[in-house]
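Here the structure is laid out as structure tokens; the discussion comes afterwards.
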Amino acid sequence: MSEGIKIATIGGGSSYTPELVDGFIKRYDKLPVRELWLVDIEEGKHKLEIVGNLARRMVEKAGLPMKIYTTLDRREALKGADFVTTQLRVGLLDARIKDERIPLSHGMLGQETNGAGGLFKGLRTIPVILDICKDMDELCKDAWLVNFTNPVGMIMEAVNRYSGRKKAIGLCNVPIDMQKAIARMLNRPLEEVYITFGGLNHMVFVTGVYVDGRDVMEEVIDLWGNQSVKNIKGIEWNKGFLKQLGVIPCSYHRYYFMGKEYLEEAIEHYKENGTRAEKVKKIEEELFELYKDVNLKEKPKQLEQRGGAYYSDAACNLICSIYNDTRDIQVVNTVNRGVLDELEYDEVAEMNCIITKNGPVPVSVGKLPKAVNGLLQQIKSFEIAGAKAAVTGDYDKALLAMMINPLVFSQSHAITVLDELLEAHKEYLPQFYRKQ
Amino acid sequence: MSEGIKIATIGGGSSYTPELVDGFIKRYDKLPVRELWLVDIEEGKHKLEIVGNLARRMVEKAGLPMKIYTTLDRREALKGADFVTTQLRVGLLDARIKDERIPLSHGMLGQETNGAGGLFKGLRTIPVILDICKDMDELCKDAWLVNFTNPVGMIMEAVNRYSGRKKAIGLCNVPIDMQKAIARMLNRPLEEVYITFGGLNHMVFVTGVYVDGRDVMEEVIDLWGNQSVKNIKGIEWNKGFLKQLGVIPCSYHRYYFMGKEYLEEAIEHYKENGTRAEKVKKIEEELFELYKDVNLKEKPKQLEQRGGAYYSDAACNLICSIYNDTRDIQVVNTVNRGVLDELEYDEVAEMNCIITKNGPVPVSVGKLPKAVNGLLQQIKSFEIAGAKAAVTGDYDKALLAMMINPLVFSQSHAITVLDELLEAHKEYLPQFYRKQ
Amino acid sequence: MSEGIKIATIGGGSSYTPELVDGFIKRYDKLPVRELWLVDIEEGKHKLEIVGNLARRMVEKAGLPMKIYTTLDRREALKGADFVTTQLRVGLLDARIKDERIPLSHGMLGQETNGAGGLFKGLRTIPVILDICKDMDELCKDAWLVNFTNPVGMIMEAVNRYSGRKKAIGLCNVPIDMQKAIARMLNRPLEEVYITFGGLNHMVFVTGVYVDGRDVMEEVIDLWGNQSVKNIKGIEWNKGFLKQLGVIPCSYHRYYFMGKEYLEEAIEHYKENGTRAEKVKKIEEELFELYKDVNLKEKPKQLEQRGGAYYSDAACNLICSIYNDTRDIQVVNTVNRGVLDELEYDEVAEMNCIITKNGPVPVSVGKLPKAVNGLLQQIKSFEIAGAKAAVTGDYDKALLAMMINPLVFSQSHAITVLDELLEAHKEYLPQFYRKQ
Amino acid sequence: MSEGIKIATIGGGSSYTPELVDGFIKRYDKLPVRELWLVDIEEGKHKLEIVGNLARRMVEKAGLPMKIYTTLDRREALKGADFVTTQLRVGLLDARIKDERIPLSHGMLGQETNGAGGLFKGLRTIPVILDICKDMDELCKDAWLVNFTNPVGMIMEAVNRYSGRKKAIGLCNVPIDMQKAIARMLNRPLEEVYITFGGLNHMVFVTGVYVDGRDVMEEVIDLWGNQSVKNIKGIEWNKGFLKQLGVIPCSYHRYYFMGKEYLEEAIEHYKENGTRAEKVKKIEEELFELYKDVNLKEKPKQLEQRGGAYYSDAACNLICSIYNDTRDIQVVNTVNRGVLDELEYDEVAEMNCIITKNGPVPVSVGKLPKAVNGLLQQIKSFEIAGAKAAVTGDYDKALLAMMINPLVFSQSHAITVLDELLEAHKEYLPQFYRKQ
């Protein structure tokens, strides 16, 4: 890293990339990125060039000696990289549309991370990520893999179990969103509130909130109980329930505790508007229209409405802290190392870590209540079963993952939806078809 | 026990009692029961007398010096007892009808043990059982409590946590039914097949099957996958799924893995025939008509169709083994004591035990697969939450139990069903109304 | 086994063999041994023939169709065996003399099982046992290995970790001796006293004693505190200490809790009489003189004074229970399988097991007190380190085993004694010399 | 704390106090201590005044508005304090002399922390510390207790178990000394080396060393193996042993792994020079002569030779980080909270923590090797047994602590030394004499 940092971004043609570039520009003082390699595949070449050109204009405007490369040659990009970020989407948004549509058509929530949809995103993505890990071992052994491709939990568990790579971190914006929401509720700047998170990706809980050395968890639970859900009217966490729970669930927990409500809403919404994926596709097209504008030289405001904001910001923050050994606390996905008693020593968890030059080191976040342990174990075993299915291409292992997923709840639907999704994604799941 | 054994049976007016009496008669050589006290409450007086008289005729016909007492005075019956069996039903079958009807009316499986219905049966029953424990401490300190009232898991967890009583065992006929089914499949007498069970009540798994010192689990899984479900056509366990699981689930697992199928069937059936409880009520009435017949001097054949056969037989077996220190293996509900790694040392589990004069001692049954651990933890935490709600009468604690139950799956329904059931069972849930 | 049982006894020329033969004769009704193969090595040929002839006379007198074979061809003996017992002694008693003498010459207890002496016995024996396991996989895959060669703990841990053999059991007479002593104290026949044992070989504790369904542990501890040690005058367990401990230590625990006393006695005794091994050697010579007598046709009384009585009896009992699937309780060394919470699931422990046709199944024996956990962990890690050193022949690994042994207590002595023993046993430790 | 911080130092008349005062002066910018209350008992009044006056001169010279109070009224000092530090010595150095002399006279290492001497220091000190905790609950509920009185492990375990106080931290200078030594070996400034510590007080291990994001543990172990011990010639850790261990033991580990060597040295040294305590007493007297000098206005150089340097510095650092919520990493004694898998969730450990306004939060430090787990468990159970003996005054519980201590190794000596020390310290152990 002596002559500045080299970053390789796989899936560089993503609409998120301008945020990432913006993040590197803002942090240049502390994080001198000299080379940013945006990598994509043939099908994404057109978008890659649009994004690459916008990035070049942004860097130029900032007056920084950061070089932007666009390439279809992943190995070239990985060579000597210091950090590799992955934001790829195997099968593009069309695949996600199927992930949502097919389950919904059988009255089941697809859920792109911890549901049937998430399983299939995992089955498509894991082989690619493991391939990147193999290349990294050869081309940039000491680099860190920073993954923010979903399903982050299943993918990181796969990296943990099936690649030898220790230097790998998974990222999500759920924790930072919750931190901001809690600080706002308490009318405090973020840095004055100490919050502990523990759990799994999209299954994370706030286990403690402290202000001025005082435990204010009860107060926060009281406020949280009133909060209405952004997208769905009338759905709020019941306060009495939250008090008994003693921890604050994240937004994705609603799929389990309010599954019926969400399902009804999803079906109704689907009838009117199609899937969320279809909506995202439309937004993306609009964004790329914007990106083409040669007068645009910065991250456009509209990007924030895309959802998933702060992802790239979180990635930049993480990379910056590793590079500078700042030892500040961030919430990331990494190997538990004994901190969450509910999980095995070697399982991936999402929790508070201090970020050192040697990577994230988990920090005690207390115990999770027994009442949520069942759900936690279910999702962890789902992640493991999904990862195993992804690397073996074994039908029965994929069926196991479907069956133990708490959103599935039906053997006949598990089989039908599995069969339909395997067929629909055939092209991206060669491991399941080699065997037959 | 020097002058023979005294047994007290709480809920003695139950239609099951003739089977119990029959069991004691058959085992008289090894288990000399001199006094059998059948206890019931005022509302059950009439049935108690019918059953008591049948019991007396049965004993007389057998020519045994076993005295049958019928009484409404529980303390009198407990005095100096050696064994106390509990087969009571707070609120009678009418309460169970509500436990099933109310959830079903909201499209939810009531499930009389591990669902919302089971929670309410627990809330009504636990205070009574804890009361019996208190009386036993005073009147028959060294006696064993043998409970076969459902929900056995929640009740035994309550006894374990909230009474000081160590001498308490919970019983279910699911394991013995599975043992018989497996032996039949293998064309072997029961005693030649060594089967290990581990889990919770109505959430138990066969973890191993051995014949002639050979592990035949794979073979049994293969056979089990084909078995169709007695009551519901077309529902079979998928073989590939079972193979991946590596253990054999019990019949109650279908509520979780085939919840949708079961729910649809239950709703349809309900529309045509009313609840299972209503059907049972009819059968019971017919049984009592039979029992009245002064020429009937033995357990009638029809009792076997009642469901829950072998319960009483299992109870007699257990009592006989304790009395004789036979150290044979039976599957019962008792404190885990480290044998199932998935559960805490002090939690109640259902598993193989050797039955000694000092009670059941758990025997290693291997590990449960990770894929079922989530469900296991969910039900265990449900049992604990239910037990806590039962002793405190706290609304929020009952809500917690509803919310974490995997059959509920909806916050709004959790609240509605909870409220309706609390209202419907008001009379039997004074602990929830004292507070208001 | 259809035509009767074949047993192979490795180290068949041992002075213990007549007890084993006697055991098989006594149990012939239930355990029809048709062939007993006594195997030994060239150096033991003479003794093997003496013992073999005595065995033949014993069988003849009993009038049983049991054939006794003596052979130097181990593979011939293993072919098609149903049970293989190992009672071998690599380097014979002369090696044990060195195991005791060399440590003692540096003021350290050699201790033939859990001390430096035991380590070296393990280093010599483990490769031979693993070799037998390999042969068994080939020649008698389904046979059970019943090992009563010391150090049983370390050897069984080695079999567990470094052979694929699951069908292997370690035996010791300490538990049965303690059972008998306790029953005697309580004036009860053995079968009326229920005793639980937990721990490691030669590091086992009585964790519970029950009579007539009553916990009599306190009473037994009270009696045990007074018991004086057979061989050493004036050494008794302090009652107050035992009460605080809450469990009853075995005789080998004295090496740790009364190390200084034992060491002084051992040094003094050594000066006067030489090592225990030297004394045993003399006794053995006398025994073989007896065995030669063609008029001797049964196990001679003098054998009982040899020490280690009941070992062979325990072995016969175990084999008989496996063969007949009796499911009675015996204390053996096998994989813990979660029963002792203090040990890993897969570590070997000594504890109550039911003996089935599928081998021993551990039974809950309660928790060990925290106060002895340290010692337990130390010995378990010593066993593991010793086993690892034995299979690798790595000097540093052997040094680690020495250093963590609680009887060593000195780095300089650890090194000196290690070096001297490695040199003294060079002939039997090729794995340590190949490397240099 | 709005108007500056109030500190109460119990045992304020200690010779260490000037270092503490110096520490507060140096950090005044970040840690504005307005009141420092030095508390002592009647017997220490003279020294208290000497130290108090020196402190006043130091503050005056620094030109800071920090007020120094000296008092015998502990409650007055505690009232409204923000931090309470404890550096007291019940029975003064004369008691420590007995702690060392009596065991040594029986050929046993007294060892003032984890040996028999440490047990007695604990028995004398724990009741006083628990008394301070009680006063704090009343007079300064939200204050932090910072204890650097030995035996820190046993005392903190007592505070943890027998006071309700959560805000309590134990401190030792061993970790910072090791950190400095390792940084020096690597020729790096302290802040560039990331070191993880895990274990118990005076039983702590370095589990990892990282430089520039690289694991350099092997290199450090290699260097550490050569390091000779300061006070005892010729004693070095064997490199091969350390490599097998995989962690770096602290200096106190030599008492266990080189017990014989240490004991011999201690006995020889004792014959020539008396105990370490006697030497310390002489040094202290010289220090107080210096302190009396009215021209001395700063911490004298000679204090550093006293041993235990950096203790006070560590205390000031800790207090400063809590006050400013700096979230930097320090090694302290606090409740484990799941981070060290080898210890219970609620047991006190010594390990890396981030220091927040809410106190220390443990940070993952990896696993300890199995080979040291036995020793760790032994000392933890010794701490627990000692704490229990201290609060109950029960003779047998004290005997248990003696018996399980790995330095004792003899039942007869355990009893003799226990009896002699109980007699020698009678005055300071009223809890053991009330009962008789």
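Going by the order they are written in, the chains are A, B, C and D; count residues from 1 in each one.
The definition used in the following text is that a contact is a pair of C-beta atoms (placed from the backbone, for glycine too) under 8 Å apart; a residue touches a chain by one contact, two chains touch by 3 or more.
Here the structure is a predicted model, which is why all the values come from computation and not from measurement.
J.: Spell out the chains that contact chain C while also contacting chain D.
T.: Chains touching both chain C and chain D: none.
J.: Using C-alpha centroids, which chain lies at the maximum separation from chain C?
T.: It is A.
J.: Using the average of all C-alpha atoms in each chain as its centre, how far is it in Å between chain A and chain C?
T.: Computed value for the inter-centroid distance: 56 Å.
J.: What is the distance, in whole Å, between the centres of chain A and chain D, each centre taken as the mean of its C-alpha atoms?
T.: Those two chain centres are 45 Å apart.
J.: In chain B, what residues contact two or more other chains?
T.: Within chain B, no residue touches at least two other chains.
J.: Identify every two-chain combination in which the chains touch.
T.: Chains touch in the following pairs: A-B, A-D, B-C, C-D.
J.: Which residues of chain A touch chain D in the complex?
T.: It is residues 142, 194, 210, 212-215, 322, 325, 327-329, 337-341, 345, 354, 356-359, 361-364, 366-367 of chain A that touch chain D.
J.: So in the complex, the part of chain B that touches chain A is made up of which residues?
T.: 235, 237-238, 240-241, 243-245, 256-261, 370-381, 384-385, 395-397, 399-400, 403-404, 406, 409-413, 415
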